[in-house]
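The letters A, B and C name the chains in turn, as written, and every chain counts its residues from 1.
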Amino acid sequence: MVTSTSRPAAPATAPARLLRRRRVTVGSAALYTVAALAALLWLVPLLWAFATSVKPEGETTVMPPAWLTPNATFEAYAQVLGRGDIIRWTMNSLITTTIVTALTLVVCVLAAYGFSRFDFRGRGWLFALVIGGILIPPQVLIVPQFVLMTQLGLVDTYWGVALPQVVAPVFVFILKRFFDAIPRDYEDAAKMDGAGPLLVLWSVILPLSRPILTAVGIFTFIGAWNNFLWPFIVVNDPEMMTLPVGLGTVLGQYGIQYAQVMASAVLGALPLLVVYLLFQRHIVTGVAGAGIKG
Amino acid sequence: MTSQTSAPAPRTSPGAPPRADRDLVDVRRRPTTWTGLWFVLPFLAFYLLFLLWPAVVGLGYTFTDRSLAGGPLSFVGPDNWQESLTDRALYDSLWNTLWFTILSVPLMVLLALGLALLTDHARRLGWFLRLSFFAPFVLPVAVMTLIWNWMYNPSLGLFNGTLARFGVQGPEWLFSEDTAMFSVVIATAWWQVGFNYLLYLAAMQSIPKDVYEAAAIDGAGAWQRVGRITLPLLARTTALITVLQLIGSLRVFEQIYLMTMGGPNFATRTVIQYIYDSGFVGLRVGLASSMAYIFMVLIIAASIAQFRLFSRKEA
Amino acid sequence: MRDAPSPSYHAPPPAASAGPGRRAFVTGAVAAAGLAAVGCGPPDTLISGRTRLRQWNLFAGGDGLRMIEMHEAYKAEHPDIDFRATTFTWGAPFYTKVAMGAAGGRGADIATAHVSRLESLAPGRLLDPIDPAMLAEAGIDDTVVLPNIWEKCFFDGRLYAIPLDTHVLIQYYHLDVCRQAGLLDADDRLVEVSGTEEYFDMLREIKAVTGTYGLSIDTWNPWSNFWSLYRQQDGELVLGEDDYEMDDDKALAAMEVLYRLSEEGLAPRHSMLADTAANLANGQAGLMIHGNWEIPTLEATGVGFSATQFPAVFGNHRTRGDSHCYVFPHQRDRDPERTRAAVEYAAWMLRHSLTWAKGGHIPAYQPVVESPEYDELHPQSEYREAAENVQFEPQAWFSGSAGRLQEEATGALTTLHQGTQTPEQALAQLKATIRELLTVPSPV
């Protein structure tokens, strides 16, 4: 709409152009107003959480609700951080998420490369088996998976949280298709220099695959960071909890201290919001890639 | 649907030739070796141990009275299956899951479309709109539920407090059987719509400008251009988003568990929560596994049906 | 495992090139390898030389604050113990975490529980036994705890629980209202009545003063009230393998009381959560039957009140009760040093349970109950005999506080207050519920 007003090419008669231009301007003003209001409305929950978190505890429950307080304070943040739980949960999330992301990338890249570049007995049905795994909703396997963890002794450990999350057949599929499309000519030179398959993968395939690796890495990271169900099942010890699980299950003890509850929410939101702002372009194009190609 | 997606040409590589069928030829010509298997092996190990093995032994559990508390194990035949299949509460929870899906899918598709249209047209606000609409998507679920539970609080929350200012007595939100599911759906839409929104936005922005320009020359107004060009060209994206959203909604658990714990009076208990309740709260591994299998069969059937439907439309 | 939609099914080759490429990849791998060294277990346990002691509990609200107060004192006295307590949501979520942690073998060193839930926690498998000799060394044995509670802590002849308190239903009374109704003696104690009709007469006199109700009672958690009234008549509930015995006449008599209370307008038809205490505090009712844990709530309102034992509706003061206790969730590698620290912690908490008693609970540790300091506690000292009149529920995997029987019986019993079912109908529904529970295979 906006762009059309500035486009000089429209071959309309002068009065008609004037007429249309005015209509569009009114229209675009309305459009921008609606868009800005919608965006503000969308921010209300986050703003309200922040507004509550900087109130003194006594003011949080005053009705009618006030957005601003003359007595703004970061007391609630000090309380929450002083308790230490959130910092510990954030560390746990960082540790488990790093394990998941690193292992997922390594394991899925190797598998995709194997499926893409080599023929071996059983390749066809093994690949079908992996792709079939996309259909299994892991949520329904929580009970036998937990039993397995008790048998392996991995309940309440970082490995117990991380390892089952590494199984991401969909990424093998995505990576394999990406590798398939890389012409073999690039590899031939390296092979003639006597490079083995690992070196070929490392020095030829991976550098060409940066965008897809970034996308897979970011989505694995966000997915693992925000995963709730599995860590909730496999971790009971509050000191081993990840951020979402800790915030969801242990916060009950703060009761009705809403400023502290909201301060916890804001602190819990921060890490990924920062990641989002840093990697905004990659995230947007990563999602976008899925859409355009779809 | 996947067959439609042309394999990506890495744009970073200069002069990548169009995809050639020589890949296949190459593979066939190469002698069979075990090298490939070594590469696949680590993934397979994870896959077998953490996905396939639980799926298989889980099926075995359904024929036993296995308890999370341990203790002697005995074979109980089809008892668990019989108990699950005749359990009203299981059907109630299946219905709750379905009801959540019915409510959330259209809302989250249409809302995403609307927000994307706004963003696509109000381009000068682009970065701000993208930030507002997508940021909630990266919040951990517990952060979302803490905030919304607080806003929904019937006596002290933002919503009812604001309504009261206008003399309106607000609803009980999460505390009434009549409104709890709707409240959860609204919060979910706010939280998760960003992903669909970005998909739509990307699709819109990939529509060539000259299509619109041509239409403008033909005298089509803004609304007409949206209705006659944008929406038809988005049909495939809409189908994709709908399928992804359906699959996602059917697997719902965490936000509902954290907001209502399945209440009030089990009005929002989903299947996955019921499996959790049976297996972990009730300790009955065998029973919970049979419920999980019933649900898994349903969900796989639904997924296959969707893929079929989708790929036929595409063809 | 992941719920966030991934860019599934469509290979996204995002435009542009830069971004964390190989270097990030390597860094990630190295980081992961480094973490492998840390392995399991929270990092700080490696550093701290103190004995690690982890306690899980289910106490929120006033009880939670008092437990924190006691823990602060405990920590100050025990600098060599690295003590940390965590509060989970009361009821099923808490018990689920205890059971899952025990199944995994890395759960808490010590956890609180209701003694009525002992069987549902699979003693011997999910709970580790406690060495009575070690506990006696720490000063706790059957000579300092009431026998009726001490014997509840055993299962198959082994000790699995250390009792902290007894908590019961008691009767609260609003001083002004009851004085106006002429029901207080010279010491402001409620006059003693015995028998159903006498009790109802008393409620009518109170209602004449308040104009609304005589008694405030929680109509949404009626099982405990029912159990008290049933046990006052010596009613037995025997839960067998797949059969049970119940005394229909006595159950009907107990239900009749609940039914008539609401039907005759002496008690509300709906009262849940905070409503019950509010109805007494604002003078809508003169009496209230509720758990002893409501004392702090009423104290906070500033209203003049006192409390006594559960009313002798059927001629005695028996009352439904339970006991908070400590249990040792199963651990794969039980550490003797930490086990001893846990036992000594529990004993310390028992010895200092005067603080705990401020929340209304009757300490299990008799030296505290018999102390002059406890005499000073008002109204706690008014109902200390209730600990001897406590009526536990029969043991079954589904009985006990926040257990399935209590939860599912609510459906039948609430209708009595609502007036939607007669006692006969409610009894039929309750019996169907119990029969249903008995057909469920025990998971423990």
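The working rule: a residue touches a chain if its C-beta (ideal position, glycine included) is under 8 Å from a C-beta of that chain, and two chains touch if they have at least 3 such contacts.
In this text, all values refer to a predicted model and were calculated from it rather than measured experimentally.
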Distance-maximising chain from subunit A - centres being C-alpha averages: C
Selected pair, greater C-beta contact count between A-B and B-C: A-B
Euclidean distance of C-alpha centroids - subunit B vs subunit C, Å: 39
Computed distance of Cα centres, subunit B from subunit A, in Å: 14
Subunit C: positions in contact with at least two other chains: 3-4, 8-13, 15-17, 93, 100, 103
Touching two or more other chains - residues of subunit A: 106, 138-139, 146, 164, 167, 173, 177-178, 210-212, 222, 226, 228-229, 233, 287-291, 293-294
Junction residues of subunit B - those touching two or more other chains: 1-2, 5, 7-12, 68, 195, 240, 251, 254, 280
Partner subunit C, residues of subunit B touching it in the complex: 1-2, 5, 7-12, 65, 67-71, 76, 79, 137, 195, 240, 244, 248, 251, 254, 261, 280-284
Subunit A to subunit C touching residues, read off their complex: 88, 91, 95, 98-99, 101-103, 105-106, 134, 138-139, 146, 149-150, 153-159, 164-165, 167-168, 170-171, 173-174, 177-178, 206-207, 210-215, 217, 219, 222-224, 226-230, 233-234, 236-240, 249-250, 252-253, 255, 279, 281-282, 285-291, 293-294
Touching residues on subunit C, where the partner in the complex is subunit B: 3-5, 8-13, 15-17, 92-93, 95-96, 99-100, 103, 121-122, 125-126, 441, 443-444
Residues of subunit C defined as touching subunit A within the complex: 1-4, 6-22, 24-25, 28-29, 31-32, 35, 38-43, 54, 56, 60-61, 64, 84, 86-89, 93, 97-98, 100-101, 103-108, 332
In the complex, subunit A residues that touch subunit B: 1-4, 7, 9-11, 24, 27-28, 31-32, 34-36, 38-40, 42-46, 48-49, 52, 60-61, 63-65, 106-108, 110-111, 113-115, 117-123, 126, 129-130, 133, 135-148, 163-164, 166-167, 169, 172-173, 177-178, 180-184, 186, 197, 208-212, 222, 225-226, 228-229, 232-233, 243-248, 251, 258, 261-262, 264-265, 268-269, 272-273, 275-276, 280, 284, 287-294
